[in-house]
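I'd like to ask some things about the structure below.
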Amino acid sequence: ADQVTLQLKWVAQAQFAGYYVAQDKGFYEEAGLDVEIKPGGPDIAPEQVIAGGGADVIVDWMGGALAAREKGVGLVNIAQPYKKAGMELVCPADGPIQTVDDFKGHTLGVWFYGNEYPFYAWMNKLGLSTEGGEDGVTVLKQSFDVQPLIQKQADCISVMTYNEYWQLMDAGYKPEDLIVFNYTEMGNDLLEDGLYTLEENLEDPAYVDKMVRFVKASMKGWAYATAHPDEAAAIIIDNGGQDENHQKRMMGEVAKLIGEPDAKLIPEAYERTAKALLDQKIITKEPEGAWTSVVTDKMKM
Amino acid sequence: MNETVITAQNLDLTFQTNDGPVHALKDITFDIAEGEFVSLIGPSGCGKTTLLRVIADLEQPTGGTVTVNGMTPEEARLARAYGYVFQQAALFPWRTIKDNIALPLEVMGLDRATRDARIAANMELVNLTGFEQKFPWQLSGGMQQRASIARALAVEPHMLLMDEPFGALDEIVRDHLNEQLLKLWAKTKKTVVFVTHSIPEAVFLSTKIVVMSPRPGRIHEIIDCNLGDDRPLDIRETPEFLEIAHRVREGLRAGHSYDE
Amino acid sequence: MTLFRPNWQALLSLLATLYSLTAVPFTATMNGSSSYLVIALLLLGAIGSMLRLSAMLEIAILVVSSLGAAALLIGGLTDATGTANAGYFAGLTAAWLLGWRLVTVLSGDGRNLGTLSSLLVPTLFGIWVLILWEAIVRGTGIPFVLLPPPSAIAVRVTTSTSILMADFNQTVLKAVLFGYIVGSLTGFIVAILADRYRFLANGLLPVGNMASALPMIGVAPVMVIWFGFDWQSKAAVVVVMTFFPMLVNTIAGLASAGEMERDLMRTYASTRWQSLFKLRLPAAMPFIFNALKINSTLALIGAIVAEFFGTPVVGMGFRISTEVGRMNLDMVWAEIALAAVVGSLFYGALALLERAVTFWHPSYRR
Amino acid sequence: MTDHSFIKHRLFPVGTILLAIVAIWYAFVVPMNAPFQRDLDRRAGVTSTTAEFLVKTMTQPKPTLPAPHQVAANLWKNTLMVKPWSKRSLIYHSWITLSATLLGFAMGTALGVAIAIGIVHIPALDRSFLPWIITSQTIPIIAVAPMIIVLMSSIGITGLLPKALISTYLSFFPVAVGMVKGLRSPDVLHLDMMRTYSATPMQTLWKLRLPASMPFFFASMKVAVAASLIGAIVGELPTGAVAGIGSKLLAGSYYSQTIDVFAALIAGSVVAILLVTAVDVIGRIVSIRMGAKTP
Amino acid sequence: MNETVITAQNLDLTFQTNDGPVHALKDITFDIAEGEFVSLIGPSGCGKTTLLRVIADLEQPTGGTVTVNGMTPEEARLARAYGYVFQQAALFPWRTIKDNIALPLEVMGLDRATRDARIAANMELVNLTGFEQKFPWQLSGGMQQRASIARALAVEPHMLLMDEPFGALDEIVRDHLNEQLLKLWAKTKKTVVFVTHSIPEAVFLSTKIVVMSPRPGRIHEIIDCNLGDDRPLDIRETPEFLEIAHRVREGLRAGHSYDE
């Protein structure tokens, strides 16, 4: 069977259920693939791993991938399972922030490590300085958890609809206790989990064929996971995930972001993402050839 | 005679070592009166240092009692009843010679002027003037030993415990220091307990000579020695002197393990 | 006496140079003549260092040949990243061996070059680390996002001085300095107390040993919760990290005074404080400086790691952890270089102070 | 040491200090967890008595600062109630970390001693190397570790070795520095004496420098073994939280499972105690066999 | 006479210290023939140790030349031409007494049987039999010094450099060791350079006595001393002996800084 190594962006959790399910259910095997899934973590940059030859495909956010592309890592998006962004900013309802106009002079938490681009793009759009002070916002690099909100170190923090939001629920918040700014709903979303591979490999038709089989099997996995969230959660736990109940909920939320698992990238979403990154000078020139539909096009056949 | 200042009653001391106990002192009994000059003499390893250390409360006897000035050795030590000269110089490497001599004076809380005066006088006495600012490793072995003598004398204690203070010195310096010590003793009526290997030195300096014998360390003989208060160096050629020296030598030889 | 005095570095260098002759030119943009110039320089150095020349002349020849060849080799990579062949690396090895020979000559002749050589030698060593790094990274075309070449880092340092200064201010001047002073001082004071009360020492030392092994990764988030996300929580991490080394070392140092010296102080019926100040603290100084030196590196590392958790968007640790995610590896290495420079200066200053305070220790009287 | 003095000089003081730590810990639990508990109560609209409130602060599932008994219960559950080789067992994770620590420590000690011997004997090394060894330690390895792990896994080195190498990096330094000091610690007199025997540098090393450096060796090994453990834990963080104490810490902190984090911390400390104590005991045995005065 | 083994020509040595240079040796010139027993005597700090260290290549002279067996001191040291007894015992604290004596023999690569035989013989000689397994700190000062003498003798060198080896010993042991040393010397015709503070000891042992004077250390006088090869201890009462002793004492006194 053909070898494929997949590097995830984060630890084993339902965010990546499709791949684990495809693996567990033998979809990859059926497609003649021998897939190794490497979990990520806060210290793993998938872009680095693929540049060093440690992976064939990575799960990455568009922002990080385009930034790496400018640095000479020829990443190309070959599939985009996530149609919507799961990122949002939440603030306690009894806090000082009720609307976007209240941000001035307050502290907002966001993750870094390449996950900060949507936030900065948004602030850029709002015309708010991120240098602190009266007219700007103070940015806090938040830790992995929801403590900054619980401890009231930040007035708002970033959460994923499928993960940290539910940790707040676990911590006793109810939906009505929170003001939520959802990037997708605001139209500020940048593309999240996509599959990327190196440009030079795509010149080889055999490699493209391998990727077609890989993405196809993965999407089969996603479809199965969406249909059987409980089983998917159990598979995640078997692969080192934590907290089965949490994974079930996460599966449900993730399914909403994926919708119909067809892996197609929507060009408008790509354009919006690229523009936002350009506006913030995260990338300096219009990216070219950063996505391709060769794989998804071949999948239909 | 004068009041007793040091008494030992059936002293016994055994060291525990990795290969069995070492019986260092056995059944030691003696009295030392105020103003006496007592020499301890005996073969190497017979327990002279150990005995001096017991008196100074640096070693705990495993049997018997010692009193110093009517107190336990510990109380005497805390009352700063004595000055002690070690067999090795034991100078602090981070202090200059002058500051080493100043050490006990600082501990006693003397003011700088008194300290400086005493340091100068005692460095003069041991002929080290000019070496005030040197560090110990820059001095010869004999010079280090002299610095440590000056350090003990600067304290001006009523009682001096000296462990082979002149061992590393040449004959001339030794003679000189013997005379100085004797003068000091005659003038201040200090009580001195003095460990030495030299029979002439013991006879010249002492009013009483304790001859010890080894394994286990016991008192072999106590020899009275009365050469009068005024002792010029050439007293060492007189018959009385030679007679006492002979007795000490005989005692030493008898207690010694060599059978020649 | 012959004119010939072989040494192993020059001999190996000669071999490597001869091998490199088989692979001219070395890179895509290096022409034959510049490759041969490199070879000529290397031959000059290798042969020159084996003749019985005066030390000065030998040094001069080695400087010119090794550094000259290295400069040409690195220059030969312009627009030719990843095209270096085996001959290129053989030449590089030969130049490096001559550099080693130079260092050997310089340190052997330490006496007549004095302090100059004690600065020169480590500097040369550092220069060679950079040369090899640059040549290997660019010669073999290691991706920038894995390891940037030093030249790129240097460019980044010059273009980002204001960011570096702000990070330095946040991390070093606030967190490290405060934490280092407070941590070392409290460690010292507790050690003095523990020395006074044996009970404390018996209890604290094992606990101290265990705490010093506590991974800071675990402590840092807790400190953020307790002291907020600004520099105070980083300083707290540094306090915790520096406290125990100082405690353990000071206690060991206080116990290091000699038996006879203690007896001497006993005969003076000196008080505890007097023995402490006059005998045991001076004797403990080498140990205390040991702790200060260990702490100087620990403090920096502790503060940087603590910034991997909650932090305002400034600081050396913040920069390192976020710029890795943004693939700005040059910025990451610029911060690492800054940390190394700061740490080395800090350490060097402590070493000088140590020498002044513990001048009497036998290790300075070799 | 007799059994009695062991109790008097070890167990009792250590026990007291640990008790004091636990007491202080409990004292902190209430104020640390109270604000959040108040928020919770307010949002839930309940008012509770002081006693109820106190109990609540000590029984939160994800407390800011877990109470000692919560941690103890977690430890109990994860060590004694599961099979030691199961992935849920802290013993299993501790073993993973310990094995990397030991390998790294062994390599670090060997490297440190080798470097120190080189520095003491070769002037070129002394001058050119020592300053850079010091510089090497000012590099925040913890920041570079992820890159190293990624680099190594890209050339196919995975598993124990990358973690152990980070341990090596952290542990060779204390050994090298301590041993340089130790190898230079013999009396000038003793060195002179070896000179009069025209002993080779090797002989002086074996018969004088190494024995004289033993106190320094063991003191720095204690520091080094602790550093090794930190290295192994740090090395576990970027491997995707698969196994080891580091992965437990990380996994716990993703989901604010503070109790898990503290349990993992304690497991780490226990490993640390075992390691440091082992070095200490070996050091004592060696020093007694080298004729040290026993107290 | 015999062949010359040690020559010194206009030796000069100045130490640099924190407060200025110390002129330790000045213009030292002498010859020592094979089989001679030369004593260096002089006031404390006059440079005896320093001179011995120069011969042993432990100190670099700042002027003049020394040759040992026709070689430079360094070559002689590398050829293991001499054995050296230090003023301090310098025992390794982590080795038992036996292992301390074995040390130079191990360095020389002797096999265990030879080593053990030599150790036993020399421990016997200094009367330390029974203390093989003790560590140095379990021995008295004098016993440690004897162990260090045994260590140097076990090497069986052709030339012995001894720095006050008997300083810490009592008279009886000292007499005993003086006799042993003399026997050994007479039997093996070793060349010995011997630093001492004791005039009788110097006269008893030597064929030549070098009297030094201090600040800076110079040779004051070289006194020949020919008491014949067979010297029983009581030769010390003969007029020839006393006559030489007197001359040495006069020389010492003249070179001394005390003016009494």
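Each chain gets a letter, A, B, C, D and E, in the order it is written, and its residues are counted from 1.
The rule we apply is simple: contacts are C-beta pairs under 8 Å (C-beta built on N, C-alpha and C of every residue); 3 or more make two chains touch, one makes a residue touch a chain.
Here the structure is a predicted model, which is why all the values come from computation and not from measurement.
Chemist: For this structure, I'd like the pair of chains sharing the most C-beta contacts.
Modeler: After tallying contacts for each pair, the winner is C-D.
Chemist: Work out the mean Cα position per chain and let me know which chain is farthest from chain B.
Modeler: Chain A.
Chemist: Measuring between Cα centroids, which chain is at the maximum distance from chain E?
Modeler: In terms of C-alpha centroids, the chain at the greatest distance from chain E is A.
Chemist: Which whole number of Å gives the spacing of the CA centres of chain B and chain E?
Modeler: 27
Chemist: What's the distance between the Cα centroids of chain A and chain C, rounded to whole Å?
Modeler: Comparing mean C-alpha positions, chain C is 39 Å from chain A.
Chemist: Starting from the mean Cα coordinates of chain C and chain D, work out the distance between those two points in Å.
Modeler: Going by mean C-alpha positions, chain C sits 22 Å from chain D.
Chemist: Using mean CA coordinates as chain centres, what's the chain A-chain B distance in Å?
Modeler: Their C-alpha centroids are separated by 86 Å.
Chemist: Residues of chain A that touch two or more other chains: which are they?
Modeler: If we look for residues of chain A contacting two or more partner chains, we find 45, 48, 52, 143, 145, 147, 151.
Chemist: So which bits of chain B are touching at least two other chains?
Modeler: Residues 18, 88, 135, 137 of chain B each touch two or more of the other chains.
Chemist: If you look at chain C, which of its residues touch at least two other chains?
Modeler: 146, 221, 225, 321, 324, 365
Chemist: Going by the contact rule at the top, pick out the chain C residues touching chain B in the complex.
Modeler: It comes out as residues 258, 260-261, 263-271, 274, 278-279, 282, 285, 358-361, 365.
Chemist: Looking at the complex, which residues from chain A come into contact with chain C?
Modeler: Checking each residue of chain A against chain C gives 45, 47-48, 51-52, 64, 67-68, 71-73, 112-116, 130, 138-143, 145, 147-148, 151, 153, 282.
Chemist: Spell out the residues on chain A that touch chain D in their complex, using ranges where they run on.
Modeler: Contacts found on chain A: 8, 11-12, 38-45, 48-49, 52-54, 143-147, 150-152, 167, 170-174, 177, 240, 242-243, 246.
Chemist: With touch defined as at the start, can you tell me which chain B residues reach chain E in the complex?
Modeler: Touch residues, chain B against chain E: 15, 17-19, 22, 41-45, 49, 87-88, 127, 133-135, 138-143, 146, 164, 167-174, 176, 197-199, 249, 252-253, 256-258, 260.
Chemist: Give every residue of chain C touching chain D within the complex, in rising order.
Modeler: 103-104, 106-108, 110, 117-118, 121-122, 124-126, 129, 146-147, 198-204, 206-207, 209-219, 221-222, 225-226, 245, 252, 259, 286, 290, 293-294, 297, 300-301, 304-305, 308, 316-317, 320-321, 324, 332, 336, 339-340, 342-344, 346-348, 362-363, 365-366
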